[in-house]
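Below: a set of structures, written as structure tokens.
Next, two complexes with chain A in common: one pairs it with chain B, the other with chain C.
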Partner chain A sequence: MTAFIIRRLLIAVPVLFLASVFTFFLVINSGDPLENLRAKPGISPQVIRNEEVRLGLDKPFVERYTQWAGDFITGDLGKDMKNRPVWPQLWSAIKYTLRLVLIAELIAISIGLMIGIVSGVRQYSGFDYSTTFVSFLFFSLPVFWFANLLKVFGAIKFNDWLENPGVSVVFAVVITAVFGGSFYLIGRKRERLRVAKPGARYKWSGISLGITALVMLSAMFYFKNREYGRFVKTLGSEPRDLSDSLPSRLWGYVGHGVLPVIVLFTISYAGYSRYMRASMLEQLNADHVRTARAKGISETRVIMRHAFRNALIPIATIATLSWGGLIAGAVITERVFAWNGMGDFFLDSLSNPTPDPNRLLAFVMITATFTIVFNIVADIIYAILDPRIRVS
Partner chain B sequence: MKKTRKRVVLACAVGFSLIAAACGDDDGGETADTTAVATDDTTATADTTAPAGDAVVVYAAEQEYTSYNNGAADQGLFANTLVLNQLLPGPIYFNPDATNKVYEPIASAVNVTSEEPFTVEYVLNPDAVWSDGEAIDCDDFVLVWRSSNGKDGNRKDETGAEVTDEEGNPVPVWNTASTTGYELVDSVTCSEDQKTVTTVYSKIFADWRTLFGGLLPAHVVERESGVADLTAELSDADLYKVADFWNTGFVGFTPEIAVSGGPYVITEFTTGQSLTLERNPNWWGEPAKAAKIIFQQVPDATQQPAALQNGEVDVITPQPNVDLVEQIKAIEGVNVQFEAGTVFEHYDLNLKNEHLKSLKVRQAVAACIDREEIVTTLYRSVDPGAQVLNNRIFMPSSPSYKDGSGQFAKRDVALAKSLLEEDGYVLGDDGYYAKGGKKLSLRLGRRDPNPRRQQTNELASAACKEAGIELTDDPAEDFNAVRLPAGDYDIALFAWVASVALASNNSIYLPAEQGGGQNWNGYVNEKIVELSDAADSELDEAKRADIYNQMDQIIWDDMVTIPLTQWTELYANAGTVSGVAPNSFAGVTWNAETWTK
Partner chain C sequence: MTTIAGSHDAEFAVEVRSQWRTVVRRFLRHKLAMISLITLTVIFLASIFGKFIWRFDYMERDTANLSKAPSWTHPFGTDSLGKDMLALTLRGAQRSILIALMVSVLSTTIGVTLGAIAGYFRGWTDAIIMRITDLLLTIPLLILAGCIAWQFDGGGSWWLLSLILGVLSWQGTARIVRGEFLSLREKEFVEAARAIGVTDRRIIFRHVLPNALGPIIVSATLSIAGAILVETALSYLGLGVKAPDSSLGLLVSDYQAAFQTRPWLFWFPGVFIILICLSVNFVGDGLRDAFDPKQTRVRA
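Up next is the complex of A and B:
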């Protein structure tokens, strides 16, 4: 195992080298970083030349690259074109991205896998059809459009409503009826399939009716006259006032995070649920599952031990690889929600106003490293899930 | 109630008090309005007895603040100016209409005490202190002067030989962006009590009011560099210590370093998120109205309206375009103002071109381009008040604005044709004029991509086709950076920035060898040289403005550039906020101390 990891890490070195050479070449050949300065009057040629020297514009490619690579190896990411050190900026971007992406991905994986398993086991059921429909809908959503829609309804309109919360009697009655009615139908179906005891429909619809009615009543009377402020935010990754008490600060983080997490979750969830469903179906139709059933093993055990575990193998690859890529940030989501993560860092470095070599190189190195590391992790997880594979 | 005026600290002396050439690209934003500061009335009265409120006003900043020292060549940014407006003091402030006044909290009197040698004396307010309690006094002036006058030159080692970097280039002591004006200051002398500053110039510098705009705290530089007194004669080693700190020490935000001499002080800065200004506890003037001004970073302008509507930001100033303006206007209770800014589009005619070296051809081009149509089509869709610009030095909001366009105010195809025929051009079968077998075909150079400039060129091209002049769009990505300075164009479409420092116009219209560093079209007129010499030594502001208007008239007569219109600036705020007023010179935060809600 150790030998495997070391070998893989050694292979990573030339990959990183090539990636950095390639990026460096592209970046330093795009645009003139001093364009604006040159155009200003009263700027002496001396000042321009000094800036050229500071940014190394007067040196050939190889020399500039060696300079950068030397600094990089000694752990110095250098300074950006505005003379700010790169590492603190990158570190803050990594933190913000991880916070956003980790939460969204964890929710997406857990919900996506659960739904994938169920729709695989209950293939062609109403549940399967409806989740398939929702997955494809989410899959095809243009992120930018969806995010802006969420801002309007999830933030602005919702906050407007929160300022004077309350629900009309008609709305409350309709919602309660819808919930009660649908659980009645589900209960009836399960009774017919004999997976639920007779009378379950009354119990189910009764409970859901009660809960919905309670929520509606409290919305109508209890929550009505409370101060929420404009809780859901459309911008920024954290509350501005960090001097608040811990609960209100946490509440602030939730308010800032909820919309971008919903957007990212929506995109990732669809993929996970589809992969899981396909993988699950494949396993359920496999010989060893039939054998297991024939042996009389309980259905739960068949699904969880024999089908699910094997179905995870392809998912492990997909998840780890996409995690490796996720550190690069969700460019559009971060931009739309002014979430200063890696995606935004990357965009900013591209037009700063011209590409900023040190920032971009730092970005490429970090994301490439993460991708490589997660590739190794994928292989290791593989070995754990499938004993036939030996990592050595 | 006393009528107070707002100040503008010219914190970014380079970035923008000067004429910035070929002002970047404008991302297809839209432009112009002449109503200028009509809205100022709502804010101009400040109640001195008003109790300090606890309002928090949030401004959506597109770019992030990076440095306290905007005068360093590598640190100058408009985003910094927006923050520093409220922090760095200056003895003179400029109003949005480019008029100016002594800023009483800093200086009780500013006088030209002698014209020979030219001497300006600043009497500083005895109460003026930095937020850490140190007096704002003469050493702060000395620091600005030393860092910006260029006299310290390049670094030397102990033996007196110039220090060079590995490339063999000299290393300057101060990494200053611009020395304009300061290089003429021979001495800065302090009085006994440090509160009177006497500056003596080697010759009259009529734009002296633009100097010493953003004072940096000299005592902080002394403390951090370990040099006891930077006003004293410094050894090279000490000088380098001071300069080293000045060059790099102000990057980012450190509370002990970023002390304030204005109504606000930075209290918090989160990279990529926000910057918070709170009332300066040691501010001796009228207290700022809002308890906090927050700069919330919103890099994507298209996301600003939603944030405004959701109450997360109160003030936004995005580059306007049709969609954005509609989106903002749809917000309930929003307050939208358009301002014709200081950046203006113009056509620059290259006199080195074989056709354009003839005045009549230049006039024909000016006569056939339909400026009114360009403004209507491309600019009024955003701001219905957009107007054609008819002066290159003063913007319509300035009291000195004078329309010198004469017979070229409106499009006149017949005039264009007759001018060409007078000049010996003959209309060919292809519908275009030609002289000596050479078709009158000119390229309209511009930076690419830039949809609005492309459309401008298309309109100009269609309009001049009727007059028998062929104009073709000539886009290039490096147009502003390479081709423009090299004079490689027939007609160029780009923007200049009108400035309160009038002398900065010299670099555009004077002959190249006489200081016209940006005179790329080869324009030479002795009268311009004479007038600019006269203006440089004219201390009466009205007379000086008059000289510049004469200059503008000569440029109209010679028709070397054709002004089109100004870029529109958009100032929008939630109706709950009061006190926000446009200022194209210093940015919206120029009067942030009067914002409240």
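Up next is the complex of A and C:
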């Protein structure tokens, strides 16, 4: 195994090297960092000359690259246009983005896998069709539009409601009836399919009616006239007031993070549920599952032990592939919700107002490094999970 | 509708269908895909010919109707300058669709060429092409395209932006085509062709490529949806299409501040993006099912 990991790491070196040359070429040519300085009236050629020397603009490509690459390997990401070191800025951005991305990814994986399993097992059912539609909808959702939509409905309108939370009697009755009715229908269908005991429809609809009625009643009487404040935040990555007690600060982090996490969730959820469904279908039609069923093993055990575990193997690679999409999504999400993460860092270094070579290089290289590392991790997980892959 | 000779009873006559007929038949019976195809066609035609039919031009200012909610005269409402939102949305959709189609054609052409070369010749050629693919996959498309488009001042022209996106987004297609070629080149009919001295070029184009067309068509279709999402996102961030040109992403970006007061300015461009992408995705899904010989859900 060690040999496999080492070999895999060695393959990554040339890719990382090529990526760095490519990135360097790209960034060096992405506009003149001194454009604004040159355009200033009354600036002496000597000042411009000094800046050019400081930024290394006067040197040929290869020399600039080796200089930069040498610094990069030793962990020095250089200084930005305003002469501040890049790494501390990037590190603080990475912390924000990773927090966002990891939480969203974890939620997306857990919900996506669950939905994927069920829609695979119940192929061509009403549940399967509706989750498929939702996945396709998420695939087609423009992130920036959805984020703005959430900002208004998930934050502003929701906060307005929280200021005077109340549920009208009509609303409560309708919601309760809808829940009770739909569970009655589900129960009846399951009775017909003989997967539920006779009378299940009454039990199901009764329980769901009771729970919904309880929630509605508490919304009508208990939660009314309480102080919540404007809980869901639309701007900023963390609570500004740090003097609060720990619980209220944690609550503040939740208020700031909930909407961006929802947006990033929609980006990766669809992929997981679709691939999990396909993978489950493949396993459920496999010979070993038929054997397991023929042996008389219970259906739950067949699904969870025989099909699900094997279906997980290809998902390991999907998890790493979603990284690129998540970073691109984070760029947009952070712009909309004014987070100080990597997306903000990228847009800022690209166009504020002229490109900042060292910041851009640092950003692209870190993103590329993450991608490569995730790919290696995926290969290793794959090798561990799938005994057919030779590791030696 | 030929019948196999020798079948005595007309009732048991076997209908002979070519592979393509089967595919078309399967696709036509895929309800969701057909609805999507019709939606897509309507939006596409409206975005191209809309300006000849619709009474308002997208640049025209109806100063009597400033910031008006949707009505009979302006079905999508007007903005604060009195511009008709329907005309603006159609114009934006036209630009976005045009770019997406260009990107799809470009990326499919590059992807198929490189994938075919890599899969057919294998060895060093394959290794080099696949390393380039890996390389381009390490940096997210949005960031790569953003860096380059910014340099050309946001690809001020639509064709430059489509060129950039097309040249950078062929990796998926190349991988799929390479996989197909790797398996097809080992088949007996290819061996037979090689045995009678057919040239490599002819084998690639006449023998292998037609057999790999299914996955290529599907991925070309799906890449349209991806291209629209990336282009609108870039335009939203100010790195893609810029005024005075238009794009659905640019419209969302322009009017997002008005969402609370004049929601119609925000809703329509976004809903158009979703409609187009959703339809494209469903058509792609329908095509995938139609090309899949294992597919039994839709009876052919």
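Some points to look at:
Keep in mind that, in the parts below, the second predicted complex is superposed on the first by the 384 of 392 C-alpha atoms of A that agree within 3 Å, B and C clash if a C-alpha of one lies under 4 Å from a C-alpha of the other, contacts with A are read in each partner's own complex, and residues count from 1 in each chain.
We adopt the following convention: a contact is a pair of C-beta atoms (placed from the backbone, for glycine too) under 8 Å apart; a residue touches a chain by one contact, two chains touch by 3 or more.
Since we're looking at a predicted model, the values are computed, not measured.
With both structures placed on the common chain, the touch criterion links A:Val47 to chain B but leaves chain C unconnected. When the two structures are aligned on the shared chain, A:Lys59 is found in touch with chain B, with no touch to chain C. When both complexes are overlaid on chain A, the residue A:Arg335 reaches chain B and chain C alike.
When both complexes are overlaid on chain A, the residue A:Phe346 reaches chain C alone and has no touch with chain B.
In the overlay built on the shared chain, the residue A:Pro88 is in contact with chain B alone; chain C does not reach it.
Shared-chain residue A:Ser218: touches no atom of chain B or chain C. When both complexes are overlaid on chain A, the residue A:Leu18 reaches chain C alone and has no touch with chain B. In the superposition on chain A, contact is made by A:Arg230 with chain B only, not with chain C. Of the two partner chains, chain C is the only one touched by A:Pro355; chain B is not. Counting contacts as defined above, chain A residues 148, 152, 156, 335, 347 meet chain B in one complex and chain C in the other.
If you check the complex, the residues on chain A that touch chain C are 14-15, 18-19, 22-23, 26-27, 29-31, 124, 136-137, 139-146, 148-149, 152, 156, 324-325, 327-328, 331-332, 335, 346-347, 350-351, 355, 360, 363-364, 367-368, 371-372.
Every residue of chain C that touches chain A in the complex is listed here, in rising order: 131, 134-135, 137-144, 146-148, 150-151, 225, 229, 232-233, 236-239, 249, 252-253, 256, 259-260, 266, 269-270, 273-274, 277-278, 280-282, 285, 297. In the complex of the two chains, the chain B residues touching chain A come out as 14-15, 18-24, 66-67, 72-75, 77, 150, 165, 167, 169-172, 175-180, 248, 251-252, 268, 270-274, 276, 294, 296-300, 303, 306-307, 309-313, 478, 480-482, 485, 504, 507-508, 517-518. The touching residues of chain A, when paired with chain B in their complex, are 32, 35-44, 46-47, 49-51, 53-54, 58-59, 81-84, 88-89, 92-93, 96, 148, 151-152, 155-156, 159, 230, 232-238, 240, 242, 335-338, 340, 344-345, 347-348, 353.
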